[in-house]
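One structure is given here, and the rest of the page talks about it.
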Amino acid sequence: MKKRVLVLHGPNLNLLGLREPEIYGNFKLEDIDRELNQLAGELELELRVVQTNHEGELVEAIQKAREWANVIIINPAAYTHTSVAIPDALKAVGLPAIEVHLSNVYAREEFRHRSYLAGVVRGRILGFGPDSYYLALRAAQTLLSK
Amino acid sequence: MKKRVLVLHGPNLNLLGLREPEIYGNFKLEDIDRELNQLAGELELELRVVQTNHEGELVEAIQKAREWANVIIINPAAYTHTSVAIPDALKAVGLPAIEVHLSNVYAREEFRHRSYLAGVVRGRILGFGPDSYYLALRAAQTLLSK
Amino acid sequence: MKKRVLVLHGPNLNLLGLREPEIYGNFKLEDIDRELNQLAGELELELRVVQTNHEGELVEAIQKAREWANVIIINPAAYTHTSVAIPDALKAVGLPAIEVHLSNVYAREEFRHRSYLAGVVRGRILGFGPDSYYLALRAAQTLLSK
Amino acid sequence: MKKRVLVLHGPNLNLLGLREPEIYGNFKLEDIDRELNQLAGELELELRVVQTNHEGELVEAIQKAREWANVIIINPAAYTHTSVAIPDALKAVGLPAIEVHLSNVYAREEFRHRSYLAGVVRGRILGFGPDSYYLALRAAQTLLSK
Amino acid sequence: MKKRVLVLHGPNLNLLGLREPEIYGNFKLEDIDRELNQLAGELELELRVVQTNHEGELVEAIQKAREWANVIIINPAAYTHTSVAIPDALKAVGLPAIEVHLSNVYAREEFRHRSYLAGVVRGRILGFGPDSYYLALRAAQTLLSK
Amino acid sequence: MKKRVLVLHGPNLNLLGLREPEIYGNFKLEDIDRELNQLAGELELELRVVQTNHEGELVEAIQKAREWANVIIINPAAYTHTSVAIPDALKAVGLPAIEVHLSNVYAREEFRHRSYLAGVVRGRILGFGPDSYYLALRAAQTLLSK
Amino acid sequence: MKKRVLVLHGPNLNLLGLREPEIYGNFKLEDIDRELNQLAGELELELRVVQTNHEGELVEAIQKAREWANVIIINPAAYTHTSVAIPDALKAVGLPAIEVHLSNVYAREEFRHRSYLAGVVRGRILGFGPDSYYLALRAAQTLLSK
Amino acid sequence: MKKRVLVLHGPNLNLLGLREPEIYGNFKLEDIDRELNQLAGELELELRVVQTNHEGELVEAIQKAREWANVIIINPAAYTHTSVAIPDALKAVGLPAIEVHLSNVYAREEFRHRSYLAGVVRGRILGFGPDSYYLALRAAQTLLSK
Amino acid sequence: MKKRVLVLHGPNLNLLGLREPEIYGNFKLEDIDRELNQLAGELELELRVVQTNHEGELVEAIQKAREWANVIIINPAAYTHTSVAIPDALKAVGLPAIEVHLSNVYAREEFRHRSYLAGVVRGRILGFGPDSYYLALRAAQTLLSK
Amino acid sequence: MKKRVLVLHGPNLNLLGLREPEIYGNFKLEDIDRELNQLAGELELELRVVQTNHEGELVEAIQKAREWANVIIINPAAYTHTSVAIPDALKAVGLPAIEVHLSNVYAREEFRHRSYLAGVVRGRILGFGPDSYYLALRAAQTLLSK
Amino acid sequence: MKKRVLVLHGPNLNLLGLREPEIYGNFKLEDIDRELNQLAGELELELRVVQTNHEGELVEAIQKAREWANVIIINPAAYTHTSVAIPDALKAVGLPAIEVHLSNVYAREEFRHRSYLAGVVRGRILGFGPDSYYLALRAAQTLLSK
Amino acid sequence: MKKRVLVLHGPNLNLLGLREPEIYGNFKLEDIDRELNQLAGELELELRVVQTNHEGELVEAIQKAREWANVIIINPAAYTHTSVAIPDALKAVGLPAIEVHLSNVYAREEFRHRSYLAGVVRGRILGFGPDSYYLALRAAQTLLSK
């Protein structure tokens, strides 16, 4: 049976392509999702993708992942820097998680360097634009094949 | 007429029993709620219980308590450490509140020691597992009987 | 064609008139909204007003403003001090915004002095009670007439 | 055989009723002790109570508890914020301890928020006036009955 | 009798139009003063304007305002971030004051976010260029009409 | 009836004359006490003097002062920088207190600048060697004569 | 020949009696000066008094004191917390100085606890209202008589 | 012509397999290098690998990369947290760089969270053990193919 | 005549062997004292040993050492991190002192790294269990033989 | 036509030769000015020199330099560490400036290391006594000759 | 077979006897090494000594110790306060280490109190001049004989 | 005999002209060295120049300077902000040193403001590009001629 990966996009990522293109590029979220689905096919992974602007919904998407997913890829965007509920949810469900960022948050404002999540995930991939996601999917596959 | 107590469970508490049992134990949230109801009966208190993973819904549950409750017992979980909106709501409705935690947050990560809520509640009970709630219910009854 | 202004009221502002009157006064939110509408008429501005207690809904109201508004007036209340998602949304939509507070937050608790939003808005008006909003509407009109 | 509880009152608690009544109320320490003894009778617990203004005597009272008590209830008052010797003693004797405060220390000066003890005790109850002690005695009984 | 407003311009504001036009714009201080006088006429306010580069002269202008003004509008410029004497003077004379800045100081260097004055004034208006002053004059009129 | 003044000397002051003479001078504690008694006679004050090296005994000397003294002069020495119990005792007994130091603590190590006591006393006199005490006695007399 | 004492009053002290009477009392600066002159007569000291609201003038008054004074009594008021130039001037002229405050600055805002001056003066007297000055004059006389 | 990738291993990585296996696993550095070479073949990249325990040699390896490499993959190990010279070298040569860590440094000691390098590289991949390197090689290839 | 060494054991060291054996080992304080006495015999040193849980008694033991000891070996235990009175006493008596700890305090909680004493003693030996004391006795002998 | 250099001496520099000779040496300000004038002659520069103890006058001297000087050499002395108005003035006039200090401020008190000016000037020369000025004049000439 | 001890001297220790004799004394490094060798003979230990000024060479000396030494004595000198690579190397090789300093670093500049190494070594001996080394050698022997 | 000056160039300075020309300009290190040699000739100074990217080699170059140089000019580049070994070496050899930077480090990132070296050198010259070196050579000559 295929392994299952949940991809979570956090707040404002639905504006991708519209938002600060000098930081985030011109591609749209559906472009990323399309490429993710194609790569998932190649890697023989089953994929679900959720985007939400609500911290509580990210918490609940993680909670529900217990019953379905084998690994979580999450780009928590702004909630990276302010949420304790999201890392608590990840610890509660106990699934391995991979944190992803489009931009290199360490080349931006000081407050984007702080994260309660960073110590809870298995690994982090950041700064490669949409490729951050594709690399994360490959990392997920490797984790699952061990 | 019976005094009325609102019990609020914050994010991820719905996973109780599943989540990090070495910290939170094996009991489930419905076990706590059942015991709370039974104790409320003994203490002749009316009880309502709400669980939510959304900061905004905790705010609104507190706001609505103005029309019904005499005291609020709240376990804000992760929002303890990040929310200003919840203590603002408590100050706005002006009801006495009791903060409850299952674990001793001071024996855990540094960031769990910070709380905007702590100075707004009447009292705090923490570290006794589910008993934190039952002690809070007794504390509520004593407050209401004065 | 009339210029369009979106007014966003953050958490607990729906309790205005009930909440800490020594800080916030006795007027209600609908009083402010009525006066705002009247002044908008005088200034020949079109107005929409939203109140919500959810950070995610503020984010989405800002996102939707892209298709309608020319300027945003926002009183983020408690989220001023804890949200990164709201300033991220404002930067993403690229509309000029004006931050408004009823009270002078700098005469209150230390944690109310911090704001991730402050550096993202065009200007800030605070401490004048409901007049903060009316002055902001005038400021919006001046911005739009340039 | 009855379970045994040691109650420790720290510095200045002997002035209760005289000291800042707007914070600490009008009851005296002997009032609390009388009620504690009565409740201990109801809960079938044996009780010893010690008050001292000396950090070293608190340390030694805890050390001696090894030979007698099953649980310690301690209100370390001012030493909460300055003592390392008291938490070291608690760790050394290895008995479960419950920290108690009459007032909500988090609603007072910043330096009263700091505590080396907080992470060492089993649980904390604070802000309920004398009821903090009675709730702690109930909590002790529950701990001992497990 | 007409209400009286004192407007205080702090250090380097006499260079307006010459100084960093990308931050402060091209208008000159006399342009602002002319518009302020015209608006004061419309609002039926009496106006006096002082510009000085000396902290001590700002202190003394505030002190003298006791005998003449009903409200003070002050742009303390650089002294915002370094002066205790100016807020002390404002507290001493007891007149309501409105703090004004041309630029949004929160979008600039970190040290421009600190202010001893901010908690002493009635309200703050910042980021609207010269309009910050005109909005402040309107705010002053509203304050005085209550 | 004569007004009564309690003078408290904290830890290591009994070594005066032996201890770091370049900081504390060559006089002994009994020299200071003799001069204090003589000045008390001139000022028609009754005097009691206590020296102790124990924090707890300073606390108890303050507590007992309730029944006898009208004002307390205290040189808490090292406990200035580490004790919360001493300022708590002063607040509990409610007597006016004057803090005295032989040396100018602000010209010494950084940690000697911190004090929980400083905000609790009526006034502070420091840096004048033994004269700090004599000036404090005069200050006490003036306080008592009002 | 009589010893000579320069008394320096810093900013806003000319408003004494008008300014925040709950902190500073009802007496005026000329009341203090009159009493200081009378006490100087008793102590056989020559006295000069200067009040200024300008940091630079305080610096220059200290510089000129080289040619006339034997000791300086200074209440730097707000400049206590912000000036480096004043302590630099005191070190430059090398005269012993006594720092005086009417109120206990340690019972007020945090920023009033900081002082670059504190480590430069011989001694400090604070919290006794106008008596702070009279005690300082006595301290000055004792210093000069050694 | 094949694109060229320089892989830099920092201090103590030559001990891999010997060092703290619970953190770093049992594989050796030559295992990683062998797999990297194989993957480079698949991806049609030319590879050079350097390991050194000297900060200065890392600086010089980066400097020399100007003449040969198209991208640098660097695991600076301990120098991540202490070196400014390494990020300065990367900025000086102007080549895109990818930072790699075997372990999730954010799940370890606080001092391992600090990095002067993080803001200088194009992207970061960490926490996947040896896979961190292989993912970085893929990321490098994608960067080079744009 | 034999040189004389005073050994001071601070709070909770009387519990040695009972207290956290994974940190402090299984030996008892009398075991250490016996070995110290034997080694003192070999090194031709006279020895006195004091254990106390009271900060004030440590202060007084140090004070009395003036009349007897040539060097002091002190394990201040918990008072290392909170006492100013103890280093003040050591400076006052002017005897060389050696600070000793059984455990490596730098491998434990952050607050155990702070010490007012560390800069006052001649040297420090820590982390060797009971050997810390024996090494200190050798160090004392070497100091005394110079 | 000769290039023009304005030299600004800040507070207390008029006391040079009198003030702390172990730090500042025995030369007087007029000695420096004489040598500066002689060197200016050699370098074919026109020179004006201003000394003032007032922050506001330094601001105004900088403002007036717009009409005359090509470069400013400034020793802001104590105002280095406290003034924002002076760097604001320098940015406003847009002239290149060179900061000069007689002593090495980094070998003195911590608070002398802070400077709002340091990031605004073109270059800094410090620690060479009067030579700091002469080197700055040479640096000015080089700047002007480019 | 004899146990083997590696002694590592860090940067600038080769200058001993030349460098700041008021802190480090007049003896030279070869004097220390000679005495160490003699004591090693007495204690029946085999000894190797390395001095280097390079962080990387200290790292590699520690790495090579895996194949030869039973314990490491290290005086990391300046690298104590800046190196992460050295403690990483010690953890990697897993040998017990003893940290040694000639001077009491806690009686010197603040930055000499920080150490990444302190928590990684078995024990620390500091402040006894060359005796620090000899005591460490005895400590090593005791460790090895267990 | 000619006085001798050692010039030390730190890490990455060998890339000058290639590295970030908007900060460092287009000149190369050999251009600076050529001009330094020419100026040394004019000033009748003997010159040696060393460039290295290794902290340890800078330490050793300073150590060797004891036998040859009269003064050291050092641009420690990145090691300015991270090295304790370099200032330790300078203190050990006791030669006067002059710190040089091409750019104004105070106009760059925050971490470039910190320096352990700054308080150890005689003087600092920074921000003048290559002229920083030439001014330093003049400063060196003046120092040596005294």
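In order of appearance the chains are A, B, C, D, E, F, G, H, I, J, K and L, and numbering begins at 1 in each one.
Just so we're on the same page, a contact is a pair of C-beta atoms (placed from the backbone, for glycine too) under 8 Å apart; a residue touches a chain by one contact, two chains touch by 3 or more.
Please read all numbers here as calculations on a predicted model, not as lab measurements.
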Partner chains that subunit B and subunit F have in common: D
Shortest path length from subunit B to subunit L (each step joins two touching chains): 3
Chain pair, F-G or A-C, that carries the greater number of C-beta contacts: F-G
Interface residue identity across copies subunit A, subunit H - same or different by half: same
Between subunit B and subunit J, centroid-to-centroid distance (C-alpha), Å: 63
Chain centre separation (subunit I, subunit K; CA means) in Å: 23
Geometric centre distance via CA averages, subunit K-subunit F, whole Å: 48
In subunit F, residues with contacts to at least two other chains: 54-57, 82
Touching pairs - complete list by chain label: A-B, A-C, A-H, B-C, B-D, C-E, D-F, D-I, E-G, E-J, F-G, F-I, G-J, H-K, H-L, I-K, J-L, K-L
Complex contact set, residues of subunit A against subunit C: 11-12, 14-15, 18-20, 52-57, 77-79, 81-82, 111-112
Residues on subunit H engaged by subunit A in the complex (per definition of touch): 104, 106-107, 113, 115, 118-128, 131-132, 135, 138-139, 142-143
Partner subunit I, residues of subunit D touching it in the complex: 54-57, 59-60, 63, 66, 82-85, 88-89, 91-93, 116
